[in-house]
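Both complexes shown next keep chain A, but they swap its partner, so chain B is in the first and chain C is in the second.
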Partner chain A sequence: MKRASRLLPLLLAGCSGWQSALDPRGPSAQDLHGLFWLFTITCTVIWLAVMLVLLAALLRRPPATKGAAEAAGRRSARVVGGAVAATVLVVAGLTFASYLATRAISSDQPEALVIRLRGYQWWWEVTYPHEQPDQTLLTANEIHIPTGRPVRIELAAADVIHSFWVPNLTGKQDMIPGRSNSLVFTAEKPGTYRAQCAEFCGLQHAHMALHVVAEPPEAFERWRTAQLAEAPAPEDAEEEEGRRVLESKACAACHTVRGTEAAGNLGPDLTHVASRRFIAAGMLPTTRGSLAAWVADPQSIKPGNNMPMVSLTADELQAVSAYLTRLR
Partner chain B sequence: MKPWHAALLSLLLLAGCKRETRQARLDPAVAEAMDSVATLPIGINGRPPPVLLAMGEPYRSNAYQLSQGKRLYAWFNCQGCHTDGGGGSAPALMDGWWRYGPDAVSIFLSIRDGRPNGMPAFRERLTTEQIWQLTGYLQSLGATSSTAATPGRNDSMQTRPGENRVPSMSRLPSPHEGGP
Partner chain C sequence: MSEALEQRDLRDTALDEVLLESRLARTWHTPPGWVGFFTTVDHKRIAVRYIVTAFAFLLLGGVLALLMRLQLSRPEAGLIGPDLYNQIFTVHGSTMMFLFAVPVMEAVGVLLVPLMLGTRNIAFPRLNAFSYWIYLAGGLVLWVAFVLDVGPDVGWFAYVPLSGPQYSAGKRADIWAQMITFTEIAALAIAVEIVVTVLKQRAPGMSLDRIPLFVWAMFVTSFVVILAMPAVVVASTALILDRLVGTHFFNPAEGGDALLWQHLFWFFGHPEVYIIFLPAVGMISSILPTFVRRPIFGYLPLVLALIGTGILAFGLWVHHMFTTGLPRVGESFFTASSMAIAVPSGVQIFCWLATIWLGRPVWRVPFLYILAFFFTFVLGGLTGVMVASVPLDTQVHDTYFVVAHFHYVLVGGAVFPLLAAVTYWFSKMTGRMMSERLGRWSVALLFIGFNFTFFPMHILGLQGMPRRIYTYQADLPWGGMNLFVSLCSLALAAGFLLFVWNALRSARAGEAAGDNPWGAATLEWATSSPPPPYNFTRIPVVRSANPLWDDGGALPVASGLSVNRRELLITTTAEARPEARETSPRDSAWPFWAAIATTIMLVCSIFTPWAVVWGSIPVAVTLVGWFWPRGTPEDDS
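Moving on to the complex of A and B:
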C-alpha cells in the first residue's frame, strides 16, 4: 500500500504534458475534458452503488415469516423500479451532456485560419492556403497556429485512412482518402503540443507524429514570413557542395528546396527543414547528426517508409548534412 | 475424424499463416552488386547480377516489391508517356513486344541509362533497388502467364485488366495475323 501511494503521483504526472487529453489547453479540449470527468465520476458512483446493493443482497438473511417475505418483495419491487428510473435519467442526462459538448466543438467559425493537412504513409503535408498563390505556404510535419484565434484544419489523405489527434487541443478526426473532413479548434495558451496519427495506417503508424506550435499572433506572422522565403544560401564550400549533391542525386526527385533545382513533390518539402523541431514525422530531434543518420540509412530508423537509401560517399553525406542544417 | 487428425490438420493450416517477408532495407553492398549487369555492347540483353539469383529474384516474385514498383510507376510519371501500359507517346508495355528485349536486364538498362528518342535516364533519380522494383513490375505488366504474386489493386478504375488478372491477353497475334 505504501508503495502504491508512492506510485500514484508518478501515474498522475503522466496525465499532464504535451500529449494528454487530461491537460486541456483550448476550449474544445476543455469541453471534452469536462465530459470525460462527468462520465468517469457518474460511472464510478453507479458502479459503487451497484456493488453495495449486491453485497447487501448476498449478506441478507432469508425472511423468517410469510408476512416478512411479502414486505421484502414489495421493497425489492420499489428498489428495482427506482433503479430503472435512475438508469433512464442518467442515460438521458449523459446523452444530453455529450450532445452539448459535441455541438460546442463542431461549431464552424467563419473567420478561422485555414490549414490544409494531408496524411501520407507516414508523414503530414501542411498547406497554408492564401488567395495569392505566392503567399501559399507548403511545409510538413509541424504546424504553427496563432493563440486565441480559431483554426480550421481541412483534413485529407493521400493513401490510406489516417486520423488527426492533438489531445491537448481537441478531439480526433479521421483523414479519409477521397473525402474532406474538417476540425475547428482554438489554442488559448502558447506551447508545443504533440499530435499523433490515431488510425492504424500501416507499419510505422506509431511513428507518425505532428507538432502543433501555438504562439502569439505576432510570432506566428514572423514564422509565416520566414517560411515563405526561399531556402537560405549556402555559406561555405561544404554547404555549397551539399546543395550540389542534393540537386544532382535522387534527393531532388522527391523533395523540394525552394530556390534550388530540387523540385520533387513526392516527399516532404525541405526548404526550411532545420527550422522544424523534429524530422521524419516526430521520430528524431532536428540535429545535424540525426539528419545525417536519416539520409544515410532511413530504412533502419523507420523500416518500410518510402525514403530509399541513396548511395552517397562519406564526403557527400557530410556535405548534405551541413547543407540541410543550414536550411533554417 | 480422430482428434489427432484434427490436430495435425490445424498444424498444417497454421503453416499457411506464414507471411511473405518484406525486405525494406537492402544491405548497401547488395545494392551496389545489383547495379553491375553484364551486357552486350549494344546495351540490350545480358546476364542479370548474380546477387539477384542468390536472393531468389524478389523483384519478380515478391508482392511487396511488385507493389513498390507499381507505386514508383505512378510517382515517376511513367504513365505520362506509356499510359497505363497501353502506350501513348511511348511504346506500350503490356502487348508483349519489347523494342529492346523482354528480359529483365534490357528493361533495367532502359530505365537506368535511357534509350534514344525520348526515354530519359533515371540513374540519378532512382536507386538501383527502385529500378529493379520497376523492372519487376513492368515484367508483370507484359506477362503472358500468371504468377502467384501481384501488386496491390488500383484505388481508381482500371483502364486495363488488373495485374491479378494476368495474362491480359490469352495469345499474342503474330505479325502475319495483323499483330504489331
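Moving on to the complex of A and C:
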C-alpha cells in the first residue's frame, strides 16, 4: 500500500515533500507550477493526438483505386500543412506564456531582504549583510526568512560551480566562481523547505543540502537577534573542557565560534551550530550523538569532505560534543 | 586473350558479366587473414567493424547504467562509493555519446552511403580506415583508464572549474579531454568523406531530388559535424592547456571565465544531439516506405526539415545554460529558437504519419521499432518543449526530469531507429535475416523496459531529485520509485541482450536473405547480399527516387570504367551527370600505423606538452608512407 502511494505521486502532488516542484509554497513556485501544468496539458493533448492519428493510420484500409489514392494524397498534404501551421502557433503561444512567467518571476523587488549565499565544496556559507558590520550575521547551511517579504539571495561560489535550488519556493540559479547571480522569491507560509545543490560539484554533491526556514517576521527578528549574539558560555565543567579542546585542537583552525579563540574561516561558522536543524549540510539531524559521530569520523559519514579526522580521546570527544550541543 | 586482360586501361565494356565479376573481384579484393584485417579500405568492412565496436561500447555503457541503478535502488546504499560512482556516470555518458551514439550513426553512414549512391567505395577510403583505428584507440584509452581506477569523474560535459587543475588533481580530466580529441578526429574524417562522396560519387541520374533520405540526413549531419566539432576542439585544447601548461582560460581569478567553457562545449554539445538524431530520422525515412509499400510522403519538406534542423541546431546551445544567470533578452531568444526546432521535427512526424496513412503497413520487426520510436520520441520531443522554456527549466534543469527527457530523445529518437536499421540492413550485410521471433521479443522488452524505466524519472525530477547524486537520504520520498526504476531497467537490459544474441545467432544460422528480401526501392538492394568488394558489377543509372520500384527488375547501367585498377565514376554535383573517372586507393597498412603514431602522441600529451612536438615526427613519417607512390595502376593514372 505504501509502495502504491509512492508510485502515484502525481495524484498526491500535495504531499510530495519538502523538496518538490509539485508542492509550491510561494508566488514564484506557484507561477512555475501553473506554467508546468499549462505545458504538461498542452503536450499531453498533442501527444495523444499524434498517437490517435498513428493508430488510425495503422488500422485504416488504404484507398483501393489510383484516383482515390491521389485524392487521399492531396487531402494529406492539406492536413500536414495545417498541422505544421498549428505547431507554429502552439510553439509561439508557449514561448509567449513562458516569457510572461519569466517577467513575473524576475520583477525587481527593491524592499527585499538581502541574503548572501556562497557555495563551498560541500556546504553553504550564509551572510545577512547590514550597514553596521557588527550587525552583519554570518552562519551556514540554514537560511531563515520572514514570511510575506521578498528575499533576494545573492549567489556566489568559492571553488567550483554549485546551484541553489529550493523547488517549493522557486526555480534554481547557479553559483559560479567569478560571477554574481541573484534570485528573488517570497515564502507565503511558515515552513521548512529543503534546498539541494543542483550542479554536479564533486565527490559529495549528493550531500550538499540547505534548509530554508520561513517564519513570521517577529520570529525571524528574534532568530536574527539570537544569532547575532556571541556563543553561549559553557554551563558546566564538561562543556568548559569542550571549549578548551575546541580552541586548542585543529578545530579552531577552520571554524569560528564567536566569543572564543576559535576564529578559522575555512569551515562553517559554529557559533550557534546547535540551533540549526541539521549538521554537515543537511546530512544529520542535530543531536549530541550526531555531533559526536561527526567529529569522531567525518570521513566515513561524508567521504571526501574537507574536514579531517582530528584525533581526540574519548573524554575530549565527550566534552566537545557537550559544548557543541550548548551552542544554541 | 589473357594479354588483353592485363592491359592497364581495360574497360568493363570489353567483358561479359562473369569475366567482369572475376576481374573486378581481383582488383578490389582484400587479402584474407590478418594482413587484410589491418590493410583493408573497403567501406563495408570498416563500417561493420565500426558498428560492432560501437555496440560493444553500448553494452559496456549499459553495464555501467545497471551499476548506477543498483546503487540508487534504495536510499543510502553503500554498494558504490562517491568516487567510483562519479567515474561510472562520467564514463557512462562519455561512452554513450562519444563512443556509441555518434560513431555508430557515422558508421551506418559509411556502410550505406556508397551503396545507396551506387558507387564502389567511399571517398578517401584510407582516411576511413584511419578513422576507425583512431576511434578504437580513443575508446580503449577511456576504458583502460576506467578499469585502472583513473577514469574521468567530472561528468560528460566536464564543467570547469571542477575539471580544472585546482579541483581535479591527477590525470582523470586529461584522459577525458584526450578521448574527446580522438573521437573528434574520427568523426571529422568520416564527415569529410561523406560530404565528398555525396557531392561527387552519386550514380548517374541521381540528381539532388533523387538522393535517398538517409543519404540526405548523413550529408546534413556531416556538415553539422564539420561546423560543431571545432568548438569542442578549442574547448578541450584550452582545458588541457590550463591543466598541463598553466594557462588560465577558465580561471576567473586570473581573468579567465568559467562560463566560456559552457558556451564552447554546448556550441558543440547541442548540435551533437542532432549529429545523433538526424541520421536516425534518415533511417526512418528510408525504412518506412518499404514497410508501408509506398514512396515517402513529402520528400521535399523532409529534406528541408533536415536542413532546417541542421541550421537551427546551432542556435540552441544556451538552453543548456538557462540557470547560469545570462541576460533575460538572450534567454528569451534561445527559448524561442529551442521551441522553433519543434517545427521541423513536427514536419517530419507529420510526413511519416501521412506516409503510414496512405500506405499498407507490413508488421515486420523494423516497422515495430519505428512504432516504438513514434511513441517514445514524440513524448521526448514534447518534454523538450518543456525544458526549452526558461522558467520551467529552472525547476527541472539538472534533475531526473532532464535525465528522463534526454533518454527519451536519444533512446527513443535514435536507438530505436538504429535497431530498426540494424535489423533491416543486417540482411544486406550478412546475407542472412535476423530472427523475426526473437526480434519481436526484443522490441517488446525494449519498449516496455524503456518506458517503465525512464517515465518515472520525470516525476522523480519534479519531486526534487537532482541528477548525478550517488545516494539520497531515506527521508526524501524517492525510494519507492527508484526501486521500481531499477527493477524495470533489468527488462530494458534483457531487451538489448536479446537483440545482440539474435544478431550473433542470425549471422551464422539465419535464413538466407537474397538480394532484396524486404522488397525495398533503393540502390543498396540492387546488388547481392552481402555485396561484393566492388559493390556493383556495373554502375546503375537512376531515373527516379525509388529506382527499384519504378524501373522494375533491371536497372540501366553505365559502363566504361576501368577494370584493372580501382576506379570510380565521378558525377556532377546537382544533376549527377557523368563527369570523370577517378581512381580509388588500394589497401594499405599505413592508416593503421598513422593511427598508432597519433595515439602515442595524444596519450603522451596527457603527461607532457612536448609530446606534441616529438610525437608529430612519427606521425609525419607514417603520413609520408601513406602517400608514397608505389607504382600501382592507381598511382599511374
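Definition applied: the second predicted complex is superposed on the first by the 311 of 328 C-alpha atoms of A that agree within 3 Å, B and C clash if a C-alpha of one lies under 4 Å from a C-alpha of the other, contacts with A are read in each partner's own complex, and residues count from 1 in each chain.
To be clear about the criterion, contacts are C-beta pairs under 8 Å (C-beta built on N, C-alpha and C of every residue); 3 or more make two chains touch, one makes a residue touch a chain.
Since we're looking at a predicted model, the values are computed, not measured.
With the two structures aligned on chain A, chain B clashes with chain C. Applying the stated contact rule after C-alpha superposition, one finds that A:G191 touches neither chain B nor chain C.
Looking at the shared chain after the overlay, A:M51 reaches chain C, while chain B stays out of its contact range. In the superposition on chain A, A:S106 makes contact with chain C only, while chain B stays out of contact range. In the superposed model, A:P232 makes contact with neither chain B nor chain C. When the two complexes are overlaid, the chain among chain B and chain C that reaches more residues of chain A is C. When the two structures are aligned on the shared chain, A:I161 is found in touch with chain C, with no touch to chain B. Of the two partner chains, chain B and chain C are each touched by A:P177. When the two complexes are overlaid on their common chain A, residue A:A250 makes contact with chain B while staying clear of chain C. By the touch criterion defined above, A:S311 lies against chain B but remains apart from chain C after alignment on the C-alpha atoms of chain A. In the superposition on chain A, contact of A:P303 is made with both chain B and chain C. Residues 177, 303-304 of chain A contact both chain B in one complex and chain C in the other. On the side of chain A, the complex with chain B involves touching residues 177, 248-250, 252-254, 266, 297, 299-300, 303-306, 308-311. Within the complex formed with chain C, the chain A residues making contact are 2-3, 6-7, 9-10, 16-17, 19-22, 31-32, 35-36, 39-40, 43, 46-47, 50-51, 53-54, 56-58, 60, 62-63, 69, 72-73, 76-77, 79-80, 83-84, 87-88, 91, 94-95, 97-99, 101-102, 105-106, 121, 155, 159-161, 163, 165, 167, 170-174, 176-179, 181-182, 194, 196-206, 282-283, 303-304. Within the complex formed with chain A, the chain C residues making contact are 81-83, 86, 154-155, 159, 161-162, 166-167, 252-253, 256-259, 297-298, 301, 323-325, 328, 331-332, 335-336, 339-340, 342-343, 346-347, 349-351, 353-354, 356-361, 371, 374-375, 378-379, 382-383, 385-386, 389-399, 456, 459, 462-464, 466-473, 476-477, 479-481, 484. Every residue of chain B that touches chain A in the complex is listed here, in rising order: 22, 24-26, 28, 31-32, 71, 75-76, 124-130, 155.
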